[in-house]
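Quick one: the structure is below, and I'll ask about it shortly.
Per-chain numbering from 1; labels A, B, C and D assigned in written order.
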Amino acid sequence: MRRLLWPLVILAALLAVNVLFTPGFFAIQVREGHLYGSLIDILRFGAPLILVALGMTLVIATGGIDLSVGSVVAISGALACLQISQDAGVFTAVVLALGLSVALGAWNGFLVANAGIQPIIATLILMVAGRGLAQLITDGQIITVNDPAFKLIGGGYLLTVPFGILLVLAVLAVTAFLTRRLALGMLIEAVGGNAEASRLAGIRARGIIVMVYAFAALCAGVAGLMISSNVSSADGNNAGLWIELDAILAVVIGGTSLAGGRFSLAGTVLGALIIQTLTTTIYSIGVPPETTLLFKALVVTVVCLLQSAAFREKVFKRRARTAAAQEVAA
Amino acid sequence: SGGSGGASGSDDGSITMGFSQVGAESGWRTANTKSVQEAAKESGITLKFSDAQQKQENQIKAIRSYIQQKVDVIAFSPVVESGWDTVLKEARDAKIPVILTDRAVDSKDTALYKTFLGSDFVEEGRKAGQWLVQSFNNSTDPVNIVELQGTTGSAPANDRKAGFAEVIGADPKFKVIASQTGDFTRAKGKEVMEAFLKSNPDIDVLYAHNDDMGLGAIEAIEGAGKVPGKDIKIITVDAVKDGMQALADGKINYIVECSPLLGPQLMDLAKKVVKGETVPARVVTEETTFTQEQAKTALPNRKY
Amino acid sequence: MSALASRQRYLPALVTGCLFAAMFVAGGIRYEGFASGQVILNVFVDNAFLLVVAVGMTFVILTGGIDLSVGSVVALSTMIAATLMSGPGWPPYVVVPLVLLIGSGLGLVMGYIIHAFDIQPFIVTLAGMFLARGLCYTIGTESVPIEDATFTAFAQTRIDLFADLWISPSVVVAVAVVAVAAYVLHYTRLGRAVYATGGSEQSALLMGLPVGRTKIAVYTISGFCSALGGVLLSFYMLSGYGLHAVGMELDAIAAVVIGGTLLTGGSGLLFGTVLGVLVLGLIQTIISFEGTLSSWWTKIFIGLLLFVFIVLQRLFSARSRR
Amino acid sequence: MAVPEPILRMKGIGKQFPGVKALDDVDFRLLPGEVHALMGENGAGKSTLIKVLTGVHPVDTGTIDLDGVPVAFAGPLEAQRAGISTVYQEVNLCTNLSVAENIFIGREPRKRGRIDWKRMRARAAELLARLDLDLDVSAPLEAYSLAVRQMVAIARAVDIEARVLILDEPTSSLDAGEVAQLFKVMRTLKGEGIAILFVSHFLDQIYEIADRMTILRNGRRVGEYLVSELSQVELVGKMIGQELKELERLHGEAKRFDAPLVEARELGRPGAIEPFTLTIHEGEVVGLAGLLGSGRTEVARLLFGADHAGGGEVAVGGTPAALRTPRAAMGHGIAFCSEDRKADGLVPDLTVRENIILALQATRGWTRPVPREQQDALVGKYIKALKISPPHPEHLVRNLSGGNQQKVLLARWLILEPRLLILDEPTRGIDVGAKAEIQRLVVELSDGGMAVLFISAELEEVLRLSHKVGVLRDRRLVAQLPNDEELTTEVLMETIASGGRP
């Protein structure tokens, strides 16, 4: 698709920069029975962000926004680790954590769809209170767990491939199926594109909105499990901090409008990968922490300028004009 | 005085303390909060607690509200060093004594607070550096160090970096080849360390500004097929329980303690201050350092 | 019909105002020493900078945009002010206008990019947020104290009102900003163009309104307000620091939206924003009066108060609209 | 008679949109003091010509001269400054602002630098009175129906000091009275030497007001003619390139209806419509007539469950039905094609195909997608039947011309094959050819047993199609008249005016 061309170019450019600094950047080896390499790292560490961003895409497509995903990430991880540390089975722990996440998401959806509260405020409530809830669960401490089965989710490998990547692929496939194969995607886009028209067309917008927020929270819940499993511990204070911002950024870079309507799952995945590659680039080329943000600002600016048709047109036109002028001169 | 504030407690002998905490950003901080709360209960001091969520303005608001509520003594852990003069003057005008904990403030007018109880982050950085210099003193090969910094701009990150750099800067064989923030968290520590391992094949030492980042980095090192503590020597700060465990297991080589358990000392000081007794202007918390052997003996009676 | 229509427009703000009063009364019953005039004034004193920032944000949100850079611009302003005053020792009357200029300039550039290249405000102002915060760290990662005598004196001035009550000069500045902004929104063409743009950008364009100029203007205004908020914050803190005002953009957005302004633009009142800021401030005050909450219960309690408030607000405005 | 120098001259205008050549080498001129009609089928390029003229879109090729001086406006603002005042086709106003503001925004009366609200309201009321409109000027525009908004837009345009006035389908949902009022104003302006460019699909209106016309077909100019020299039949022939049969009253013989489908009893909504009782039979076409704001749309919305009824009951097929939501009404086989396609009809960012199948998909829920082959078949069928152009199902609806958008909306409801189809101004902005097609379709459907509730500002159309006409006045259903020989537009007008009282 043409829309995805520029994000792809940017991703490629970022990767190329890395190769300049780390010659073996593209090398992928099998070490101790699993894939090892920088590209794998990008996918592995980007996995939670991709998940959260996928959920966020659908929320944004309905014209909403979900600020609470970061807190849900923390809650899910905290609850799972607490359960495991209290000797509940991993399966129970995971089910409980995801169940709670979905419930919290549905709560968001209820506030938006039924109570008619603006999404940003409705989810701000859970963003604030949810962080507190996560800390309540962990008692403000870091719960360390040691369970190989739990470790698999975010830090383990299946058939040499990091399990997290497989999980993301699975969620992506399911989401794509629900939205593009089934009619969910079109109905979401209709609700986001013109809510009143959709109502008059007989779409049950409320149900869809609740579902979408619940889905976003489920994605965040899985991401929370991944993050805590990756470091074998739950950090109610910091897990998922500011991830909502990165997720929204990923969605926007991917070409979905914050005003709702059309959305692109592939674009979101690309957006998330760009953000994660950017982070990795910062580490590997050794940008000092004080200038990290300047570097990020630069990249984000370039990304959004390149994606803007108006900008390209202006630049190209000028270039075409100067080229023509030069020709005349010559 | 009652829990709802109001009249000063000095008349009936009981003391009300307003305590403004930085936030709950880490396990260390939570342990610190707990220690203060428990100590207050034990010593019969009524504690008014507020969490500033890492924001100085919230702390100022809280202190101002304590003044409003006419507490007997105010204690707080400043988010940053600067910018306290105005509100401290208000406290002085209201004749409420102030105790600083954990971090100092940079007011020229030291009469604005009674005393400062806490650790010295620069000194912690120095201790880490000194151990490094000592353990490598009989080799002349260059030592490649990577550093995991705390949250950019935060006082412990700034100071622990500075103290460390000051000590190792004396010998050119020590080279910090990469330094990046890990936001004091395990997840970030792991992520950054993985990137370090890829772009720097030859790392000898890791210096992490807290245990959590060090613990995350250990996972990364193991994932890369190296042995933490052997292939890469690890120094961290804090001495939380998980860190001490790793130290005892030989995965970390050295930990500089930074104790959060200031509560009892704080309550003692508070009582003295309220009675009008003189107290030293600076009370340093009792802190030590741990090697792997020391950790094994100390581990069973660690509180947090 | 006219009365009804205008009541409709002022209803959200009205309901918010009543709820605010109710909250204050409830606080007064629950906490000793709460129901004093100074407590209310302190809410102003402690939130003067947020109020100014939120005013700028109101302009942006009314056009249907969003400005994520405000918190960072506030921090940058404190940082520049503190560094210039403490390092080269520049006087405040040079530094403050300079800071305001820089803030407005940043806003202008963001507004221009948003308009000229038709890029979503979210992403542009996010880049602005990174940029301003990054500039802070480049200037320095330590907190820089402000010791300029004039500046400190002004910061520590108390304006005594009757009966022991007092406010800070910042409050006066903030109130003045609110008054000017309310005038601009209601009585100038720019103000009305702001509402029109937020109502429907496409229509405003076809009606021959200077949509581009309006959009650039609101981001410039927001930049200016952030810089001014930064100056007020340096009065409050007497320091410049790169980590000041982290997340303030969210507080500002929340204040605006709680005040009844629609995030999609075109509808809302400045008075609502003032109430929104007061509500957030009052929640903070209640928390500190409560005094026994642990860190996490603090957060949960804030969320709960916010929830109750929002739901009641919805309920009452919906009920009386029937 | 010597032709004066044109105020405006467009030469060789070309405009290409992705996949569509909207304008191809079009010449156009506008003389001072004339009303110049721009004619053409839906999608012929009329609106595009207006938009490139006023700088909404840049031209690809060609030149525009104003008073003999070449101009290239960067946007409507510049065009307005140069003396061109425009009402675009889709009513483009800010509904969140008050009526008065919508008229004066950008040029508000000021006193000592500040907006003089009092004077603004007073002048707005005055101006609207000239158009015979009594509105609360400080109420937000969203309180008013589409037709009122159209009038407000016109009021705004005619008040702007301009030498050129452009009106793109301003009358599409106005009734006869309003149109007469508008024409009165237009004649005054014309007398002042103002040049007026006028677009409408109502041929009678063209012949009443216009002096000259330019005809477009498929983005090309067919020619420029004096209205007095071209007959209606010729005009239509030039527009669509073929002859059109004159339409008769389509329901010749009287039909008997004995199977009531929808029975509304004392259905009402306080403030919007007084309780009314109405029965619609299977196969019956019920027309609704009334003035602007008389409550026709409100009746339709209540029957569809789009608004909550304040009281009364509805029975569908003899059993009581709770029509609380549109979805519930659809469950009973009721469909509603709304009047304001922009606000509550189409989803502009979806494709033609998606917009057409939207309602069908909604009835199936998201778990059972309409199979792609079925979609393509349905969409293809209606693109052909309604002559939607360009005939590409994957084009975004936002890029379609106004009339074609209306056809898309209509198609959405037709494919549902409902038992009762409510059509609120279905032919708004639709060209003569397609209009006849739609009317034929309505007759066909009703012959097949479908009931239709038909709302139109055009009384002829109502009379032509309906078996029974309900008359509304001041939000009250005042009469229900059987459509027989005695019922003429005059009788209807009289009934409306008298409020049903003899």
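Going forward, a contact is a pair of C-beta atoms (placed from the backbone, for glycine too) under 8 Å apart; a residue touches a chain by one contact, two chains touch by 3 or more.
Just so we're clear, the structure is a prediction, and the values are computed from it rather than from any experiment.
Graph distance from chain B to chain C, where chains that touch are one step apart, equals 1. Chain centres here are C-alpha means, and the one lying farthest from chain B is D. When the C-beta pairs in contact are tallied for A-C and for A-D, the bigger tally goes to A-C.
With each centre defined as the average position of its C-alpha atoms, the distance from chain A to chain C rounds to 29 Å.
For the pair chain C and chain D, the distance between mean C-alpha positions equals 44 Å. The mean-CA centres of chain A and chain B are about 33 angstrom from one another, to the nearest whole unit. For chain A, residues that reach two or more other chains under the stated contact definition are 135, 140, 289-290, 292.
For chain B, the set of residues that touch two or more other chains comprises 24, 30, 33, 152. In summary, the structure contains touching chain pairs A-B, A-C, A-D, B-C, C-D.
Only residues 2-6, 18, 21, 23-24, 30, 33, 37, 47-51, 53-58, 60-62, 64-66, 68-70, 79-86, 89, 106, 108, 151-154, 157-158 of chain B touch chain C when the two sit together in their complex. If you check the complex, the residues on chain C that touch chain B are 31-33, 36, 38-39, 42, 45-46, 49, 82, 136-137, 141-147, 152, 155-156, 233, 236-247, 284-285, 287-289, 291-296, 298-299. Contact residues on chain A toward chain C in their complex (touch as defined above): 67, 115-122, 124-126, 128-136, 140, 236, 245, 248-249, 252-253, 257-259, 289-297, 300-301, 303-305, 307-311, 314. Residue ranges on chain B touching chain A, taken from their complex, read 24-27, 29-31, 33-34, 149, 152, 178-181, 183-187, 190-192, 194-196, 198-199, 212, 215-216, 219, 223-225, 240, 242, 304. Residue ranges of chain A in contact with chain B, taken from their complex: 21-22, 24-25, 31-32, 36-38, 41, 45, 135, 139-142, 144, 155, 227, 230-233, 235, 237-239, 279-280, 282-286, 288-290, 292.
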